[in-house]
Structures are given as C-alpha cells and as structure tokens.
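What follows is a set of structures for review.
Okay, so chain A shows up in both of these, paired with chain B first and chain C after.
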Partner chain A sequence: MPTMHSAVAAVHGSDVRPDGLATIAANLALLARWQARAACWLVAGDLRTGLPHDLLEAFELYLARCEADARLIVLATGAHEPPQALADALQACAASAQIELHAAQPAVLKAALLAADALILSDAASDPAVTLAALELGVPVIGSAAAATAALTGAAALLWPGATPALLAASMERVRQDARLRGILRERGFSDWNLRRTASEPPA
Partner chain B sequence: MTPGADDDYLEQVRQDIRAEAKVLGERPMLARAQTTPGDADGIERARLSYALRELTDPQYLAFVECAFRALLKRRPTADETTGQLRLLGAGTAKTEILGNLRWSGEGRRIGARVRGLPSRYLLAKAARIPLLGHLLRAGMALAGLPFLARQQRALETLAAAGRHEAQESRRALDAGIGELQAHTTSLAAALRQSEADFDTRAQQFQAHGESLDDAVRATELALRRRIEALEATPLGRQEHWISELDYLRQRTYAVGEWFSRLERTLGEIETLTSKRAAADAPRAARAAEAALRRDGARATRNGAWATLFAEQLQPGARVLALASGADWLELLALRGLDAGGADLLPAMDTLRRCNDGSMDGVAVLALPLLARTTPVLELLAQAARVLRPGGALLLADAPEPDQLIEILRGTAGTGIPFDLLECALAASGFEAIARIDSADGRAALLAHRAAA
Partner chain C sequence: MKRIAIVTQRCHESVVGGSEALAWQYARLLGGRFEVEILTTTATDCVSWANALPAGATQREGIAIQRFPTVFERGEYWYELHRRLMLEVQPHLAPPPCLWRAAQQEEYIRFQGPYCPALEDWLLAHRGDYAAVLFCTYLYAPSYFGIRLIGPRRAILIPTLHDEVPAWLPVYAARYAAFPHRIWLTEAERRTATRLWGLDGGAVLGMAVEQAQASAPASLGAPYLLYCGRIDAAKGCDELLDAFARLPGRDRAKLVFTGSDHLGLPKHPWIEYHGFVDEARKRALMAGAAGFVLPSRYESFSIVALEAMAQGTPVLVNGHCEVMREHIETSAGGYCYTDTAQMIERMTTLLALDAPARARMGAAGRAYVLARYGEDTVRARLVDCVEGVIAAADRAQASAA
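Up next, the complex of A and B:
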C-alpha cells in the first residue's frame, strides 16, 4: 500500500510537508477564478504529449450534452512548467477555451482540489499522490478502475472497469447533481485517508 | 446513514449512470458556451499562451497595460506604470520588460507562455554583462542596421503623420474655441435681458399682490360691517335668512334652466347625427352596390356555399338566412330549400322568435354584421336552440351588401378569428365542424347541431 507521505513527496519533492496539502495555502487568485457556478473538473498526471483521448472525449461529451460552460483543469505533474507538447495539444482541441493547464505546484494543486467538483482518473492520466490529496481534502474521485487500484482509493472512488467516455461523462453529471453521492464519497475518502495516515506514521 | 445503505445507494447510482451513459449521446446538443475573450475587466485569465508580437506591438502605455494583463493577469498600479514607462524611456528593450514581468515571482505563479520570449530575454540580460554585453550590443546593433534604417524611415513617416494630425486637431480646436466664445457672448446678453425681464415681472407681481391685498382688506371690512349691522337689529338675523333663501331659489332656477338647455342641445346633436347618417346612407348603398359589382368572385363563392349547404339538407328543408343579400335566398331556393330571411335590423329578433328545433338549417353569410350587436356565443346558442338535432349551420365572413354599408359608415363589427369560432361551435353543442373557405380566401364554417 503506498503511503500518503511517500506518494506526495514523490511528486512534489521537498515542497510538500509530510502532513500533505492540508497545511499548504492554496493559490487564492486561481481559487477565486475556479470557484464559479459552472462545474470544474480536475485531471492530473504526468501528461507529456496530450490529454488522453477518452478523457478529452468525455469532457467534450459533457460539454455538449450536460453542461456547456463547465471547465477542466489539467495539472501536469513531474515538472515545474507544463510540457509544451501538452499545451499545444490542448490549444488545438475543440474545447480549448474551457481547459486550463498548469504545473502541479502545491498551491495550484490545493486551489484546484478545493475548487474541483471531482478528480477524474483515466488510464493514462492519474497520479497516486494527487489521488491521495483528493481523498485528504474530501474531493470525489471518479474514473477508470485501471487508473487507481482498490488499495489506493478503497471504496472511496466511483471507478469503472473499462470506462467509456459516455460512462465518465454520465458519472461527472451524477456527481455534480447528487449531493448524497458526493457526501458518501467524501466521507469514505476522509476515513480512507485517515487509515492510511495512521498506517504511514512511524511507530512510537 | 449506515455503510450497508450507502453500498446499496452506490449500486443504485452505478445502475443509473450506466443507463444514463447509454442515452447520453441522444440528448439534444447544448449551445456552446460563450467563450468571451476576457472577464468583465477585459483580462483573459484563462489564456496562458501568447505570441511575442502580441505583447511587443502596442506602444507606450498600451504596452505596459497589455504586458501586465497578459503576464500577471491584472492591471498595473500607477507606480508600476510609471516605473515601466521610465524603463522604456531609458531605452530598455520591451522583451526585457516582458521577461522581467514573466519571470517575477508573480509571473512565475501564473506561468503564461510567450513564444520566442525566453531567447530574447536571455539576449537582453546577456547584453547587461559589462564587457561582453557591450560587444553583444554592438554586434546586435550592427546586425540590425538594415532593419533600423527601415524603421527610421517608417518613424519619419509616422512623425510627419503625427505632426499633420496635430495641426489639424489644433485648427479644429481653434474653431471650436471661437464658436464657444460666440456662444458665451450671446449667453451673457441673454442673461442680461433675462435679468431685466425678471425685474419687470417682479415689479408687476408686487403691484398685483398689493392690489389683491387691498381688495381682500376691503371685502373683509365690508363683511365685518354687514355682520355688525345684522347683529345690531333684532329682526336682522331673520331678514338675513330670508334673503339667503331667495338667493338659493334663484340659483336653483338657474341650474334647472341650464339642464333644460343642455337637453335641448343634446337633442339637436342627435337630430343632426341622424340627418347626417340619412344623408350618408344612399352614398353608402351606392358604394356597396358598386363594390358588389366589382366582386367577381361573389357569385361563385355564394354558389359553392349554397351547394355545400344544400347537400347537408333534405329537399324542401326549412332554412333561415341571416345577414345576407336577397340573391342568397334565391340561390338556396334554386337548390330546393325553403329559405326565408330577415331584414338587417330584426335579424337577431327573427332568430329569437323562431321556435325550438323549428329549422333544418341556419345560414349567416356576413357573420361580423350580427356579431357587432350580438355576442357570438349568444348567436350560437340561439342557432342551436332553433335548429333541429342534426340541422346544419353555415357561418361565413362574406362581404354582403349590409356589411359593406356598415364598413363605409364606420360601424362594422370587428373580424372574428374562425379558429376561435370553431372552438366556440364545439362548445355550443355543434359537431362535424368543417372549414369550407371559398377559393378567394373568404372564411366559412359548416357545422351540425349535435343529436340530443
């Protein structure tokens, strides 16, 4: 089982304190911008060449059929600057006006997690550290089952084996509309994260 | 909520989502969100990619404003603007200013990308190294000589254009100032005149006020004397009331006379109106006749309606024809119907006088003619009463003679929407309602009274 500390530190290096994102200040300018009425979805991962196809399709389907003014925050982990190829690929896609790309610096990640309706995992776009951070902050996690093992999220995520864009889009819509579902996922995320933190603490 | 219940709920949610996913693609497409170029303050906060020329093309204040908006996603403060303008004035390259902003702490947090900026910024910074920088600047200046010469020519043209524009502006300004001075002079004269007028008016008001004051005082004095005189004599009070009663009586007579005159005047107006209407009637009738002669479609239209109407009834059926010309009765008679009509004025009275279920058919050719004096629902109720069960009712909006006359005299009824009339028929106990509009577009309806 990956521990919270090791996973977060693996991505963010020494910037992140051992107790995770809870004590790090969010980038308030970004948070103010993202906390609007329209849905805000978050994707994070080591994305070098572009957003995975299924995820992009799911977001475009969501825009076209569920909520036209939703936004997608893409956080590129593993580098101080987002890769140029990723930026170009996002710029070229049809929904580019509603996609925002940033490097996953701690303050940015914290702002994104606080603003996001859910973290979306896809086979090619997932990051264990960000997933754990989402659980820590009570952000619902949805997406492909192959992107996060049960050991990582437990039952705290809404995961689909062989997730299609339509399934992802429908999940996004349900999470956005269903307060009870969000509550269950949040509670399970908190308890899962607490269990993990206890396990990761050094023995007295 | 227990974990078991949560699990059940999650399972239900999963099923819902699977079902929703299957039909998601069939939902109507939403209109694309308006992707405005910026927020309300014009700053494109979501945009993080720029071409270098976008930021270097603006000049002076616009350059500083644009650079801050693009790289720091905010407007510069007054101090920042002054500082950046001072740098520009000192000959600092725009790329260096842009680089300073982009790689400031604030700029790094925002992380905007400007294509081509990193290399230029590096060069600009390298040019600041003491000896190497001097050589580098010299080399760059040498390499840029042809470009500089072209830019100088362009600047000369721009400067000349600027001078010309400034001269034009100055001329326009001088003209404006001259006009303003003329206005000011005339305004001052008008003001002086107004002041003089005002003084005159004020004196007049004062004089009027004084005379009014005198009049009030005189009246008050006279009243007081009268009261004193009345109170002085024992019979004074009684005489006073008698005189007041006389006064009231006189007033009452005057009012009665006034009412009497008013009645006479109204009578005269009525007589005149009638005379005028009587004088108009022949002209209206002549005009209506002329219009009928010009209505080439009338014979075909009425003939077709008469045929359709007759097809609904047995030969010899009794039909009441209202609001139609005499020729309509002939058309019905030719088709074997026992048709009787009514003159214009007693049309509704004729209908009201008919016994219940006494008619096989009722035909109203110029429906608006009746509708101007009788509510349509009442007309339909009367028709339903008069018709036997299964009897036929024809309603049309035809320009029959009397209708034309009423139009000319300005007393025609308003048009009736026949769609609404269909509904009214259905609500009034008619069935088999059918539109039988004529070929020239005149609306008509055929309906049957429902069987009891």
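Up next, the complex of A and C:
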C-alpha cells in the first residue's frame, strides 16, 4: 500500500537546489527501509495527473521478469503532500505493495536518491532539479529522452526516444545487472553536473 | 619552476597526524624543485572538522597554503551511517554487492568529512595551472571528491591505505582504479591495496625519517617501554595497558607515554605520562627506552616507530599489522606479537635484554631506517616520480594537440 507522507518542511520538492542537496542529511528512517538488496527505483515529478501508465507498466514488467521484491519510490514534487488522486491510483494498482509515495521534501528526496538503483524519467514524470541532483550524487538516470532533454543530461543517462514499457523494463534490468554501466553513467553524470559548476577547460 | 599542488585534509603546525605529516614532508621535499602549493581545509580537529583557521592564502616555511572552509561538522547523521556500516553493511565481511548503493557510500565519505566544496571549486577553476596534483590519503572527502576533478594523467594518489572497514567500500576501489599514478609507503601497503582494491600499480617511496640524528639517552630511574603518539584504544593502547599490567616484575619497570591522551590513562606508579614533548626530548626518550611499543593494528607506515629504530631502540609491534611486520622482518630491529600472551613475553624479553644484545638489535633497526628512509633517498625517489608523471602527461597532451 502506498505510504502517505505528511510534509512538514516548508520546502517544495521542485525548489531543491541541486548544488545544495549534497549537504542535506537524508531521512535516516526511510533510508534504512529502502537500503535493501532488492532493486529500488525512483520516479519524481509533478504527478497531479497520476503516475504515467508506461512507468507503471514497466515496473510491473520488471517485477514479473526480474525481482518480485523490487521497490518503486514515487516522489511528488511541487506540493507539500502527494496528490490524493495519485495516492488512490497507486493504491488500486496491482503492484501497490511494492510502491511508496511521498512528497519530495529534501530529506526524503535525498534518502530516495541514495537508495535508488536509478532515477527513471518518463515523458509525464520528470523534474529537472531532481535529475540534476541525481547527477550530482552519482545516481544513474534512465528513461525517456524527451523527458530529459539532451541539454540536461547530455550523454550521462541511458535514454530512449519513444521509450516503451518493455524498453524501460529492459533498461532497469540492464542497469541493475551491469556494474560497469552504472559506473559509466555515474561518472558521466558527475562530469555533466560539473560542467554547470564552472566553465573551466577540461583536464589534460 | 612548474607548479604542483598537494591536497590534504589538514595542514598546520599544531596538527598531529601521519598523513598530514607525510603531505607536509612531501611539500618540503618537492619545494626545491617545484612551486608547491598545499590545498587544505580550515580544520585542525580530525573528528569534528570544525573551522578553526582562517580561510584563504598563507605561507608556512616558504610553502604556499590555501585553506578552504568545511561546510559542516561531523555529527549524529554520520555517526548513525557509521554505525550501520559497521553493524549492518560490513563490506569487509559481506559478499558483494554491497548493501549500500554507490551514492550512499559516497554520502558516508562526504559526511565523514571534511567536506569542502570550495576546495573542489578551486581545483576545477585552477586545475589547468598545475603540472601535477598529489592527493594525500585515500579516506577523506578532499581526496575522494577532488581527484576526479583532475585528469588521471596529472593526479597522483598517496593512499596511506590500511585494512580498515571503510576501505572496503567498493566506491574507493572504483574511483582510484581510474588513477594509475600512486605512491605507496611500503610494499605491504601495496599488497593491501591489491587485496582490498585489486590495484597494484604505482611506486613504493616511503617517508623520510627526519628525526634520525642519534640522541643521548634519557634516564628515568628504571627500565621503561615507550609509546609515543595518539593515546587511544583505536591505536591499541588499551591492550598495551592490559598487557603491561600483567607483566611479571612490572613494578621494577615503567610504561611511558607521550602524546595526546584520548584514552584517559589510569593512575599507577608504573605509568608515566609526559604529555606533549619536543622532538629533542622525544628522541632522548626513545634512545633511553628498553623498547618502543607500537600496539596499533592499523598503520600504513608509522614514522614514529622508525624514529625509534633510528635511535637504535628495539621496537615491539603488532604482528597483525602487515606494514609493521614487514619493517621488523626486514630490519631485524625488534619483535612482533600476535596475542596478549606473546606481547607480555616480548615485553619481558625487551626489558631483560643485555646491552650487547640490545645494541645489535638497535643497530640493525637504525641501519634499515637510514638506508631506506633517509631524507636524500626519499627526496630523489619522490622528485623522479613526480617529474615522470609530469613528463608523461606533457607528452600525451602534446601528441593530442
């Protein structure tokens, strides 16, 4: 069952500065729950219209094909509490036991990023600030190219034009199994994020 | 002269720490050949990392130092992460993959501190100004997060690695595998890196023993064993006290300590605590001791034990520490022990050595130190190493242009 989280911090998820998340402490209780050996996937965005079907379908495919105990963390940005309609929709879906819903407060977002195997972008579920925070913290980013924009992630993410649920599920499986790919995505993401910090010349 | 930088977590006259002393020594040894700059933090305390010194540029003995502020002190958040690392994650025991994702491992390193985004900004902005950048000690955030801002051709890692739980976090191995230029202090340290990280490239250079001139021995009225440095359970000092308390004939000998007491030494007639002493007094105490004891399991070099050997004093070390065991086995300048009973037995032996036997063992230790870790020897090896890295990077850059 999705967990409703009552937001108390006066910070909207989408207001999180990407260069400030590194110094924020994660919510340790959530981190303890999420740091499991099973896969943990993260989706974040303004989800007032609900969780995109392609994402939900991709996660259900992943559960069926790869890891039945995988987890999906859904963070609703831009609001102190997740939309009720979204909570209701997630509660009604077949994978509801494996999904948690929270408002994207900084400490919650930090915990989710630290625990996640990847941040998944979908056309209808992405947030530029969260994507930048993932790059800064070394969290792989995968999903729909249209949701990322090349300017945001460059070559630092595993992105697909016109990503289908099957393609998304396959990407999740690949990231989960391929440590080298995760390392490449992490380092490219960091370089990408770094370019935003300074316009200095790349090292020799 | 070419400009190089050395990144280290602390740098100040008041700081006591092995890797900090190493960074400063390397700055000094390289100073005649390069324009050396130390990039460090404003912290002096290696637990809190509180900002204690002014940020900005300063000079020490002609070497430029740039200090950058830490953005938080170590707090409950990190201690809770550390508790989980030790009790739940246990990367040294658990089969891979590590329970913590890479981002969480890096969170542990970041909040372990000292975390200095301004130092990273400096490296980003000025990396093109340095012919090479040396990063001293693998463990802390300035090296871990800073080295990735420098290309692998011009970065030189000085890990000062020992087998401790955080070293098993896979992100360390992954990060440092990308940086092939490394300086090891001993062969044992390099073997430790092979075992923990799967890496073995780099040069074994060591650290110069600066306090090698022979001193007149101190006399304390009874034979004594000496410990110098941070007095702490983490350094094995509790085991040392326990062993000495069980020593036969304990009341005819003394256990002498110098350094900072973080343990709270008990009051006993056979314990003498001298607090901080200057180098001359330390050498005299070393020269006069029946033996110098280093009970720490975790040492990547131990300059203080080598200083004692340079005074011709036999040393007794924890045989679980591969580096120290190598010093002893190679030099024949002392003994190792692997349990408390053996520690007591070896301490008894040291206190009972006759003068010729002590002199033979002491001479072997002193010869080992002077041959391997004399200042000129280490300087020559260090300059060769750094010049080699710079020349290779320059060639690669020229051919790419």
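The definition used in the following text is that the second predicted complex is superposed on the first by the 180 of 204 C-alpha atoms of A that agree within 3 Å, B and C clash if a C-alpha of one lies under 4 Å from a C-alpha of the other, contacts with A are read in each partner's own complex, and residues count from 1 in each chain.
Everything below uses one rule, namely that a residue touches a chain if its C-beta (ideal position, glycine included) is under 8 Å from a C-beta of that chain, and two chains touch if they have at least 3 such contacts.
Small disclaimer: the values here were computed from a predicted structure and weren't measured.
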When chain B and chain C are modelled together on chain A, clash or fit: fit
Which superposed partner A:Leu61 touches (first chain B, second chain C, both, neither): first
CA minimum distance (chain B, chain C), superposed complexes, angstrom: 7
Those residues of chain A which chain B touches in one complex and chain C touches in the other: none
Residue ranges of chain C touching chain A (in the complex, touch as defined): 71-72, 77, 80, 84, 97, 99-104, 106-107, 110-111, 115, 117, 121, 124-125, 127-128, 148-151, 153-154, 174, 393, 396-397, 400
Residue numbers on chain B that touch chain A, as the complex places them: 1, 6, 9-10, 13-14, 16-18, 20-22, 24-25, 27-33, 35, 45-46, 48-49, 73, 109-111, 113
Contact set on chain A toward chain B in their complex: 27, 29, 33, 38, 61, 63-69, 71, 81-82, 84, 87, 91, 97-98, 100-103, 105, 107-108, 158, 164, 166-167, 169-171, 173-174, 178, 180-181, 184, 188
In the complex with chain C, residue positions of chain A that touch it: 19, 22-23, 25-26, 28, 31-32, 35-37, 40, 113-117, 137-139, 179, 182-183, 186-187, 190, 194, 197-198, 200-204
